[in-house]
């Protein structure tokens, strides 16, 4: 099963999911999580831009080659909303995943529940911790529940 | 060839098909067949619900990650209707399989033939025993008929 | 907006929805609800069958021309589960609607909630009365809530 | 041409676009913009919920019948990001529109350009004012540029 | 409902269906049935060919603009096999219709039943007379059976 | 039938086709054919660009709202290659039309036959004059050949 | 590259293609070519039928599990028309392949060219011998022409 | 990741990309780049044609088996426009890739920027050198930027 990990890049939630899922038949993909590289990749490779808007455009489109491939080939898309930043790209990825019929798991704290109600409503699971996401994947793949044997 | 085994979880029909198909190039998938785990998985992993309706919703949606992936990636979907329970999820799976253009094999006793006529009408084969399903898969994959050499 | 009314044919739920939705821009479609005609149409038009199984097949496939067209061209599919019969064709229609990305509204009493949890989990609304379905359609089309002005 | 107007509901941007496009062959659709009705519709029609999370879920799914139909049948989706709120549903709609191959026009002030760079990168036009959106639609439909005759 | 009438062009079966369906909400389409025009259209419009193979190719491709549009926009495809000629284009149309998920009605005499078993197996109705096709369409659209009132 | 007229904008071929098709049930669409407006629309509406590359990008993407809608909703796409310019956008439109399964008619003089062989090979008709295109449309819609009665 | 070999089952054309393609990266699939098994498989596995029509239906639908899977997963579909029989199933397969966007190669003698013009018109290659089909596959996969080195 | 290299066949740009991408998990495909073989393959394998137009048609269609398979199975399509020839097939491939939702990278010198603006506008990256294409692929797959460590 292929799982795409979308969204927030400032905490270790991806590492916790990948580590927790050790031993499961899952392949994880995700965006480039080096913030500076992600912002500047377009200009660095394809040439500098005087205008910040087009600097951003070049980078965002280059990143899209990776992110769209990741979402399009995923079976499950996990989208994480953190406490900071607007994270519109996370919600955008969730919308793409929903429209493509991917199984969507949303990961966020209870404070964001109301603001994320439309995104949650398109999801098959809403988790609060990376460990819950791991437990979902483990159950989906093996039928085992936490604490079971 | 990938075969998804949907429906009734109280008899050994899946085991009989898997055992009978030993040696064929078939990969079988199916839902979680532990009834209690299947009912409670959502609340067990994502948090308890006071209301039974949402307890069921959480579990059903978590199970859907597995079942939709299984149906979507299958070449053949076998749907078993047993003697007990209403088994609306089996008929629901059959409808999904038909809409997705999967080859559908329906497995049920003659008593249910009239009640299942719309489901049977969407199928490429209607079997009464797991052994007939195995014979169908064997013929489809190898061209061999029962009793042939 | 096109709404397909699937399922139970022994009560007046369709009439109540159609009457309640008077004045809304909705076109309703649905299966042939004359039980005898629906059962016998295939043999009556295309020739009698000695075997009941094929009698049913002929009828079910002829009805499928109507029901698949209705579901395929609908924006919303309402599926009603009544108190009697197994109604596997209703659950089958719900599965087709879900796989085709239609907005699904399920209509059933609270007694069936657990047995229908997989079907409900694919729906955007679960109603208990035809009047609730009408209120859903009215809100979706006009934004008006019951009791509002 | 059908145009869906998604996003921010606290300013008059929709009215300005609709008024400006008078005379063009455009049909506009959009979400229910009465904030209270949009939040409470699920519970008001389908029954109250003790838990706010499910109160929100019921409403968000009922609204989804309208919004998904609007996006799915649109030729152009305009998504407006305002100065307040997180507006994750707007970004979610943009992601759905992009995945469905709709022509996307994003409308936001220059302050949000960096945060919206992934959304903008999927758009065919990025406007700062409703009047620019009108001018885009007028040009697309008639070939006329502003100030032209 | 749109119905495409494919196949044999030497008897009056199309006229009998169209006349019989008077009063039903059906729009009929079909190929050019002037045999000479159908054979020579490509060369007549786009220039003569020395080689018969390319003369045929030009005509067949020009006719395909019409036939593919007719099949692609149809809800129901009726395919008629007559007593003469090989009629491979009729079977080809049936294959296209099946792959596109169209409701297929096959019309042929009992002598061809064995040779057409694969085509019949993809159909929702197999009729022997144009009047049966009309009765199918009438039932599908109105629920009325022959001899009923 | 909807026909999109793509390609060369410096001669009167569109006018000749539209005039010739008078009386046929055809709706024609096409790109904005005012060369200056087409080049400058993006900057004129959405703001000037210092860099010619982004000036062109803005215009090309705004034009794409119109051209993609025209091609996506067309039944037949006619692509004209003239004697001047590289006309890569015409070939690009032809590729989109082919991938979307549209019936493609290519219009060019014999000098370009070898260079256009891949495009021609995806077409259902290759014409040299606008009048031949009209004759194709007339035949496809009515079955009438030139000089016939 | 996956190649499905459809059609005539009375000569050794499949063996000649498979042998000729030795060393190429091609996987061949095809229908069950044992005529008796193919005719009787349904009744042999799922139960005898008194009526020949339903005997044939059962067999044809069981075979369809294999043939549709083969065509749906193929990159190239080769359809062979022999000198005998009506071979409507071959033309039906060709229609399915065309509608699914598969690359179609048709294999038949020159005598059938006129009768097969609609099928040929949907093909990317029309061959007269199995060896030509092999040469096509070799060129497509390696770029090598016959007699080249 | 699968990358299809389309377009100009007279310089070593493909070799430079393949060499530069050594060590990356990329599979490259592309058309037959032997110009003479590509032009004559149809006639050489399937029989000579007296008319150059049909000689070209046969070859172009045989090549299409390879090119369409390559584009259809690619994740990324790189299209190169050189300084010579009209290269309409390159633009045609770009249109197909765009319509199929492939990530498109266009490779051309600055002189062609204006003429290629519609093609560039559909691309996620516009590069001037093969080395930039390699850097794009390396970043997309590994997150590494040029000069980084």
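When the chains are written out, they are named A, B, C, D, E, F, G and H in that same order, and each has its own residue count from 1.
Rule of thumb we're sticking to: a contact is a pair of C-beta atoms (placed from the backbone, for glycine too) under 8 Å apart; a residue touches a chain by one contact, two chains touch by 3 or more.
Since this is a predicted model, take the numbers as computed values, not measurements.
Comparing mean CA positions across the assembly, the chain most remote from subunit D is G. Pairs C-G and A-B differ in how many C-beta pairs touch across them, and the larger number is found at A-B. For the copy pair subunit A and subunit H, the superposing rotation over Cα atoms measures out at 90 degrees to the nearest 5. Rounded to whole angstrom units, the spacing between the C-alpha centres of subunit C and subunit D is 31.
Centroids built from CA atoms put subunit E at 44 Å from subunit D. For this pair, subunit E with subunit H, the centres built from the Cα atoms lie 41 Å apart.
Shown for subunit C are the residues that touch two or more other chains, namely 61, 64, 101. Subunit B meets subunit A in the complex at residues 32-34, 37, 40-42, 44-47, 58, 61-62, 64-66, 68-69, 72. Partner subunit D is touched in their complex by these residues of subunit B: 49-51, 54.
Put simply, subunit G touches subunit H in their complex at residues 1, 75-76, 101, 103, 105, 123-128, 132, 135-136, 139-141, 143-146, 148. Those residues of subunit D that touch subunit A in the shared complex are 52-53, 56-57, 59-61, 63-64, 67, 81, 85-100, 112-122.
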